[in-house]
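Both of the next two complexes hold subunit A, though its partner changes from subunit B to subunit C.
Take a look at the complex of A and B:
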């Protein structure tokens, strides 16, 4: 897991990218959560969670991501999930993640 | 049929004529030779089932094996001999059988030798312990207590064991203890001697008698069924040289069902009179002779004399037992029996115990039910009632009995044919175990609409493709409906109506209890609305009278029901099926792996610990398996996710004692089935709130999505509650149009 600053999105936005592991579960989800909180505290207004290496996500992982979206929203920031595979998009759709965050799937 | 070769020594029949008992005989012999640890084998059977004959064959077989284990057969005395005499008789039998075995000469068993003579002919290696035993008995003075003598004699197996001689002692007729105090004292001594190093015991008795011993196992000698009894009839006919026909054989097998001793008795008598048993008339005439004065009569008279000593008491008991003379129910209160028997409380208790153990009655809820299932016993009681209570002339009663038996014969055969043709409702209902079946399998209307006229394989394929929307309960007990509500027996034969108690979802709670009340009815054509209504009313009455609050009625008619009738049945929240549907229901009751269907199933099993991320090991294994079977990639990801969710459910909520998740993957031509099982708190109990969940659920918690996800990702999901855990079965159908991975 790592993160990096990047110039993505609008010019005024301070964007950071967080990379998720191959299996997004409670353990790895909490790592993302901690990383995102730190980035928000540093003033990030746009968090990109890169799921390019993520093969599979479980429901606990999704619930943690929803918590990250809430925290970001409260801090006035937005969350984007990028490089999301087809199954995970389907899962996000089922569990309502797509209603609260932007999803960029791997084909996009 | 007993195929093993050994000489007949104690047994009444040649080894090949011991019918239907090979498993029981094997177990008895195996216990004698290989039984481990202490404890006595209990051998139990219904009256007349042939327990003694099995023991005697075990003796003969062990004798022939000439193994280091010496068989000893000892029948307890039913006629009332004293304890000391019984004990001496035991010692005599123990020694003579030991010596005969050591010499491998069964003819010694017939020698008339006293104890000192037995000591003289014992082999040199055994003589020292035999002589000591015999000397001890001979020195027993008339003033010494019987207890000391009994202990000395019955301790013979231990003495032999101390000298390195291993014995297997079979005590037969242990229920003699119920009749005589002396026999009780002897049995008590056997209890204290018991199995031990070098000596092993089997104690045989009526199945309702409790010998009160520490048991190493229980061997049930079941009554022979119709086919086995028919074999006994044929073998008896051959043995005694009596001519029979197929029809007469079947009639005899029905009248003497499960009573090989009575079969022998009638053939022995027929042989003595030189009469064939080839026609119903011959059979019933010979039968009447047996009931009025033959071997069967003498055997039942002896039994009755033991149960109820004294003519007055016997008459009183016969009046209460005879069902033919009854002007109504033969279910009387214990108080009524006590009053009619005119006995004191202690004697009355003994009488009831004996009648119960000999299976003339069944006592429940303070009432005495007369057992009416055995034709021979009912006929015997009716004859004794006619002669001794009603004072009928013997000649007139004999003549009337022969004609009655003859008139009854076709009815016995008709009932037999109907039983043979019956569905076997109790067995069928016993197979209900939370399976899900398509409605068309059990609802005749849907079945007729979709599958009428189709060949069997097309029906099965269609039903398997249907949505399995009827969930069967888990049945835990079944009974003939007439056993719980006698009047229904007047409308339906015993085998054609049944009551099944169980749980609708397998969570053992009051709310989950359900009772199925089923009946197989007659109707030449599709049963009409009136017929359906008649049976719904009657079966609902059964539920009402038995106090069943939640019940389901199931009626099965040969040709099903008219549309009108089906409307009525559905309106009563009942099921109506045709006979043709029953084999299909049976197919759905089979365990998944037994179900014939799209074949070539391959199965894999993985057990993983409930640790962080170990579920991914199983998921990756599943992916590998799915790829080998060309499962489409999208389906693989969905299945993997479902597997992870099921595993998480198991880990999070179960408080599993072994912290293991068992996963089974089965790949068929058209589907992949995944079963995830674990021990611990059951999911249904947690969901219903019957048991608190392992972890706290917070308000607004985004957790608990697992099952919903699984249901969305998979095509079929079934949650089964096991005794101590949960099993989730998930099926994904593999559609041809999707690209393989």
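Take a look at the complex of A and C:
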């Protein structure tokens, strides 16, 4: 996983992108939470989680992403998922994930 | 654990598959989580990781924002948190229960309890503020085989909707898996504790046995005022020989016990014969010579854990050339432990003062052992014994076992080490040729 600054969203927002991978679906996926925590501490107000390399998100993945959302909302930041496939969008809608985070390029 | 940890029919029934309102993909997602949970619990991975993974699976399968898994300590009457997510820094690491709570949870079983509606229970009164600060909605006591082993704490669903009956069934099924994992872990800890306890009990027994043996040895030696400490020394020499032979700890201890008790039959021999300050006559000798067989009679009914102590007592006066007593056995007919004790016994007899003579000087003693190798003694026992002494003389062994038994002066006799080396060299065959010459010398 890596992260980089990017200009998305509003001009005043400080945005960072984090890339998830298949490890998201295992205990090792918790490292994405730590990465996000660091970015939030650095003052990031918008977290983009890129799921282009994530074929499917399982329950562990969902739990970890909900953790990211929770941490971000406690820090007053918002979470955007990008490059999410249709199955995952459906899942996120069904589980209420999309009530707490936006999905970029919803048609992907 | 007889409890089935993999995904089973029961779980499917619990999850109430027929509830048609739920979409197919939701079922696929949830059952994926259940299957994975079953797999995780059945795997032998680290317990903490299993619990953390389980918490992820339960939260992620139903889209629950926060939660925790705790293990119940029966002795402390408290839940100890094993994994938490999103409950906040101030959520306690352990939560106390009272008797009433315990009783209620047991009757309740695995069914999720609505936190908001459980205020009648002391537990929810005590932790009311904590639970509402962490926005907890459900509490699931993990009751496995009528025992509370832990609990699951769950926050709100990401959808903002209340938990459906379908959700509750899923939570219940998952709770059973997590509860089994904890129960299994508890059982393992219990087994470890018991085996530790068992080991301690065994050590105690072992010490009791060893104390009894030593007390017996002291009683035997007490009867013979001229050979004070003889049995104890024979025990220690036997121990040295056994350890030089590379025997394991139990066998070495067995050899020591055989040495301690070898003369137990003397307890029945008249004191005046044992203590005679002269060489005893034939009749007295016959009486004294019964002591190995009497010793066998005394020791036979007792179970000795490490070696055949009764046989050691019976045959410790046999010689490998067949000229010993009571049965005149030859080399291989004599139990090995009896040969060990015989050497230890003879060595102590030669190196201590007797009523009719003084102890013999070391060179003479070792020449005697050498000369009688293959006659009275098994040669490999003689070399093992001498090797042990040489090691000590050369400072190779930390323990000064011989010095404690023989005294410093005796051990410092001039040229002792070099004559031991010479004897050992002549007794240790280095080529087939020397082996033949040793054989001829003894033939």
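Quick notes
Criterion: the second predicted complex is superposed on the first by the 101 of 108 C-alpha atoms of A that agree within 3 Å, B and C clash if a C-alpha of one lies under 4 Å from a C-alpha of the other, contacts with A are read in each partner's own complex, and residues count from 1 in each chain.
Heads up, the rule we're going with is that a contact is a pair of C-beta atoms (placed from the backbone, for glycine too) under 8 Å apart; a residue touches a chain by one contact, two chains touch by 3 or more.
On a predicted model such as this, the values are computed, not experimentally measured, just so you know.
With both complexes brought onto subunit A, simultaneous placement of subunit B and subunit C is prevented by a clash. Applying the stated contact rule after C-alpha superposition, one finds that A:42 touches neither subunit B nor subunit C.
After overlaying the two complexes on the shared chain, residue contacts for A:27 are found with subunit B and with subunit C alike.
In the superposition on chain A, contact is made by A:58 with both subunit B and subunit C. Of the two partner chains placed around the shared chain by superposition, subunit C is the only one that A:99 touches, whereas subunit B remains out of contact. In the superposition on chain A, contact is made by A:91 with both subunit B and subunit C. Two complexes overlaid on chain A leave one subunit C stretch from 74-82, 92-100, 146-154 or 236-244 clashing with subunit B, and it is 146-154. Residues 27, 58-60, 62-63, 66-67, 87, 90-91, 94-95 of subunit A touch subunit B in one complex and subunit C in the other. Per the touch definition, subunit A reaches subunit C in the complex via residues 27, 58-64, 66-67, 70, 87, 90-91, 94-97, 99-100.
The touching residues of subunit A, when paired with subunit B in their complex, are 23, 25-27, 56-60, 62-63, 66-67, 85-87, 90-91, 94-95.
Subunit C meets subunit A in the complex at residues 23, 25-26, 29-30, 32-33, 36, 49, 52-53, 55-66, 85-86, 157-161. Put simply, subunit B touches subunit A in their complex at residues 612-613, 616, 619, 634, 637-638, 640-641, 644-645, 648, 702-703, 705-706, 709, 712.
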